[in-house]
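Same chain, two partners: chain A is paired with chain B first, then with chain C.
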Partner chain A sequence: MAAVSRSALSKSLSRLRPASNTLVNLYFVLWFCLVIIPLLVLFSFSFFETKSFVTTYTPTLNTWLSLLDSGRLTVSLRTLRIALTVTLIEFLIAFPFALWLAKGGVAKSTQAIILALLTIPFFLDLSSRIIIWRSILSENGLISHLLVESGLTSGPVDWLLYNEWAVHFGMLVTYFPTMVLPIYMAISIIDDALIQASADLGASRKDTLLRIIVPLSLPGILAGVILTLGPALAAWIEPSMLGGGFVNLLSNSVESAYSALRYPVVAALSSFVMLMLAILVVALAILARRFGSLGAVFSTLRS
Partner chain B sequence: MKDKFSTTTQLGLTRRGFLQSTAVAAGAAVLGTSFAETAQAAASNVVRGYGVTTSQLKDWSIMQKSTGVSMEFTGTNNSVGVFLRDVVASQLGDDADIFVFESGTEDVLGPQGIYLKIDEKHPELTLWDRTPDEWKRSETVVDKEGVQYGVPVIGNADSFGYYPDKMDAASDGNDELSWSLMFDDEKTRGRVAYDQTWTYSIGVAALYLMGLGKIGVKDVADMTGEEAAKVVNFLIERKKAGQFRTLHTAFEEQIQLLSSGTVDVINCWEPAVRETNKSLGSDKTRYAYTKEGYFKWGHGAYIAAQAEGRGNLDNIYKVLNYYLGGEYRAIQARDRGYAGPNMDLGVQYAKENGWSAEEIENLSNTEKKVARKFAKPYTSTTTPTNSDAIEEEWQRFLNA
Partner chain C sequence: MLEIEGATHRYGELTALDNVSLSARQGEFLTILGESGSGKTTLLRVISGLEQPTEVGKLMIGGENVVGVPPSRRNCTTVFQSYALFPHMSVAENIAYGLVVRGISRDDARKQASKALETVRLPGFEDRRVSQLSGGQKQRVAIARAIVTRPAVLLLDEPLGALDERLRLNMQNELTDLQRQLKTTFVYITHSQEEALAMSDRIVLMRSGRIEQLGTPSELFDLPTSTFAAEFMGFENLLPGVARSVDGNLVSVALSGGSPVVGIAANPAGISQGDLVTIAIRAERLSHSDVSRKQCRHLNTLAGTKIDQRYRGKYSDLDIETAAGKLKVRTWDNASLPEEISSVSWRAEDCIVLPTAANRKT
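Coming up: the complex of A and B.
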């Protein structure tokens, strides 16, 4: 009976195949038109120049060369450094938290409350959330006040705000949910029996973590990394409001170029970041292969 | 007048609202001639505006009562890049009748034929002849060749807010202070907030250096790359010396920095000082009169070229004329502290409409203040021809 139904299934699948091939091809054509062509246009724009709000369409390397002179290339590298640092620290904080939340025997009601709390920030405007930190971190703010009152410092503390530290901090607070939630999802669907079996077979806690939980939660980790790294590369509210203009990141630089309608500069900066991102994704994929093929990891989600 | 995060620019109709209203109008046009005719008749007393919200009345129905014309205004932010893109690439003139923006766009869009030349003899523009040249021929409304593309709406001379007691300055705020308090004074070191937008900030630094005789700049509003480089070199040196506590970007930030006492000096909009005094007590902070000069700005109202064919020009000119009149002037000065052409008409309006003596006094003071400040340089533009070079130099300052 099972054999009959299986052959029927494969027949209907094979009937579907030409149609699905067309669909896949159509998808690729669309993807090419909607994603690749705009990227190529963007890239080619970086070889033009803007003078007095008018872009002249004569090929030139001036825009790329000017990136070096104005320190904009440094901005790109700084952005990349900060985004990667934030993503890494975020992962180190979020993974244990997600593990505890999913498998730490937390009561269902507590879980629900914590998950709800994690989603609240999505409903609040980011700049309103960040500006509050200024009144907490500033030298007239809460923390400085507490430090002075408790006699731990002799005067107001002014290094909590308007520097890279503050920007890192603001971004860590902002992107915590985007890192935690996907990892939590991935860990929570791991079958408890697998973890139990690992322990029964004599694996240490560390072995179970590294050889069972981490590989199985890899889709969530990857999603978390991408959902955090992407926005972190584009962050501009945290650097503007907590960096106090001393931490110039890519988006601020793009915004400034845009104020003079310098599309070629914007294009060059974006192309550069795309390149960096492409390198990162490849590196990430290679890293992920250490834990087995990515496809196999995703297939566990289907079971 | 650059503001990226500000929620104050969110007043009025949203862009979506604007598009919906135009979609409704477009839908009406499709529905058939008779209906379209009705719609057109109904819409004939509507003028559609697009631009910065600073020029908005909180309640446009006041204008409708006075002129019979109603306004549908869609706000944009203060970024000239966004504005030029919207107007040129999105062909906003297909829907909007007038554009209101800070000075400079007429130099780019006027000669391109995107703005209509102002018909100074238009019968609805009754207040044009009595409007003083310092407003109507200002660089904010004529292009570089002197062609009249706009009607002046509001303006002010921006300087910095400060705590008089901490600067040893007269508490009435009448002292003429040097921009050295902003850039170069030992007692303000680390107690200054400087706007990080180049269009707003680089000019006043140049004025200060020119006052010292350290540099010569031909046109502060449109510095060359080399001139900007000199100013930026100075600013980088000051930044490294710890002169600036922070570089700010938004109106709300200005208020927060000043009112929390995080800084003692900040180059900001005048309303930020007003807001601060509202929370700290009147006259606690002051908006400076300066020795070297000001960031003088003005908003102009410009007619979209496409409006010429829509048969609505009479109403459009009624609105332009309204901008020059006493009612608009008095309300803008009271609500925002901004001046504009024909303040005498504003005072007259206030008297006729039973405003308090104090409010009338404030209107006169606004006029006096602006006259005193406008005597000094420089008139800003959002579209310097060397913007690319200046912006490039400014990046060096931000990255230093």
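Coming up: the complex of A and C.
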């Protein structure tokens, strides 16, 4: 009986296998055509240059070299600094929040409500969400008004908007869900018995956190960082709306190069952002090794 | 080694543990037996500290008062039902975990882990990944991880539940061997009476958060104190009756239909003349042959006829209809099964007289 059903099973499996291979191949072809090729085209464009609004198709490193001068290096470093700061602060807020939400004894129904609230920002256009903050943070805005009314300040406060602080703040609000959700998912699938076993074997709360919870939630942490760092490096709406032209980031350079029809510069800047992201992610993966082998953690997800 | 007095635990309205007191000696194999929902797992979690009891009079592990002490500071470890091995660590890292978090150097911890692996008969498994292990191997690694820190009490939560039968029987012997070798107090949870009988020094039978009966395996097997204990320990035949007289631990009972029988009671003081009682007899202690056993002081005999017969391989079960009700008789001699049966008989020692639950004052 068992032998018959087993051979029937393996037969149906072998029938499935070529089909799944076709699907895998289809995925590779589609993803290659839709994502990888455009990126390669973009990358190759960065080796051309523009002369009097016309792109000349002779390979040159001039565009890449031009990134180093004309203040673009400062802009790049500023972008990197702000993106990393935002990602780090975001992680420091989001990890404890996700841990509390997943394992802090929050009722399942409350968890569902909190998760649903976290997805609300995805329903709204980013620029309309950000522009609201102008009326709250500005010199004539809500907070300034309340501070003056309550007598806490003598005059209107003007340092809440149009500076780096405001840009950081806007980005923190924007990317909170993208950091929290993957970490929450990763932590919530950790078996409670593992956490209990750790305590039972004599581990302090700190040991359990660093030796069990963090290593097992690494895939989620990595996903959260990539989903936050990538958009933060390319952020455009927060710096333009809350920076008020005082906080220029790479995206603003891309925008201005784009409006000047300097496509090779656009290409080089975009490639540069991606390159930075790639380097940061690799650095992060190496850092993550200190907490345990990523491969082992991913293999536990399979089982 | 382990002492609990008046432990009560409630989950909201539900009382999972109702004023339980018990103790275990150094090196004792104590089994907590019960159905699911009887409170046995809650009791284990209260001992390990994973659950803080609603009320507890006294809770001592290894001579230390552990009321309010977190699980990490208690001198006991748990072998979890699901094993709870850390999936991102190798076998050796799993076993060494309890040592590493106590600040023992990695080299020393690894050496002790290797020794523990030898103790559970898995030498050379140090660098295997947890996902590469079979169920039985995971079980051994979980035990090695729990014993490596030399706890005063080892708690085992249905550790053999997920294993197939042959492996389970082997592991029963290995666990008792290991327990004798380590001289550690084992508190073992199971719902299987066979496991409990085969492994324990003493058995705690639990029922809806209370201790129903506590005793050695032979006490629980041969002399249950309640109808619940009798049924749980596998007494196939339970018949209602009325107590006629009590003489020492011998009780005369009139079964329905008027037949007089004599049995013994674990607690004769709890039975007085005229009480409703239940008698419990194991199917294999009933005899269908008419051979009179003169060596018995009290032999009970009931007239009856065979109404059914089932072949079970090693034995056969016969259903006998008597004036007092239907009785199941188990016979190991398949070759000489009689065609007709006129009576069944059993010794007074095999006939347990139990107070009927309705009599009991709550």
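Convention: the second predicted complex is superposed on the first by the 248 of 303 C-alpha atoms of A that agree within 3 Å, B and C clash if a C-alpha of one lies under 4 Å from a C-alpha of the other, contacts with A are read in each partner's own complex, and residues count from 1 in each chain.
Definition applied: a contact is a pair of C-beta atoms (placed from the backbone, for glycine too) under 8 Å apart; a residue touches a chain by one contact, two chains touch by 3 or more.
Here the structure is a predicted model, which means the values were calculated and not measured.
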Clash or fit, chain B versus chain C on superposed chain A = fit
Does chain B (first) or chain C (second) touch A:256, or do both, or does neither?
-> first
Does chain B (first) or chain C (second) touch A:57, or do both, or does neither?
-> neither
Tell me which partner A:196 touches in the superposition: chain B (first), chain C (second), both or neither.
-> second
For A:122, select first, second, both or neither according to whether it touches chain B, chain C, the two together, or no partner.
-> neither
Please work out whether A:211 is in contact with chain B alone, chain C alone, both, or neither, and reply first, second, both or neither.
-> second
Give one of first, second, both or neither to describe whether A:237 is in contact with chain B, with chain C, with both, or with none.
-> first
Should A:32 be classified as contacting the first partner (chain B), the second (chain C), both, or neither?
-> neither
Who contacts more of chain A, chain B or chain C?
-> B
Give one of first, second, both or neither to describe whether A:159 is in contact with chain B, with chain C, with both, or with none.
-> neither
Would you check which partner chain A:71 touches, where first means chain B only, second means chain C only, and both and neither mean what they say?
-> first
In the overlaid three-chain picture, find the nearest pair of C-alpha atoms across chain B and chain C and give that distance in Å.
-> 47
Which residues of chain A are in contact with chain B in one complex and with chain C in the other?
-> none
Which of the residues in chain C end up touching chain A in this complex?
-> 48-50, 70-73, 77-78, 80, 82, 84, 86-89, 97-98, 101-102, 129, 131, 145-146, 149
Touch list for chain B against partner chain A, complex = 2, 4-5, 79-82, 84-85, 108, 194, 196-199, 244-249, 252-253, 256, 260-262, 383, 385-388, 390-396, 398-400
Residues of chain A that touch chain B when the two form their complex | 49-53, 66, 69-72, 74-75, 127, 131, 134-135, 138-140, 161-162, 237, 240-241, 244-246, 248, 252-253, 255-262
In the complex with chain C, residue positions of chain A that touch it | 191, 193-194, 196-204, 207, 211-212, 215-216, 292-293, 296-297, 299-300, 303
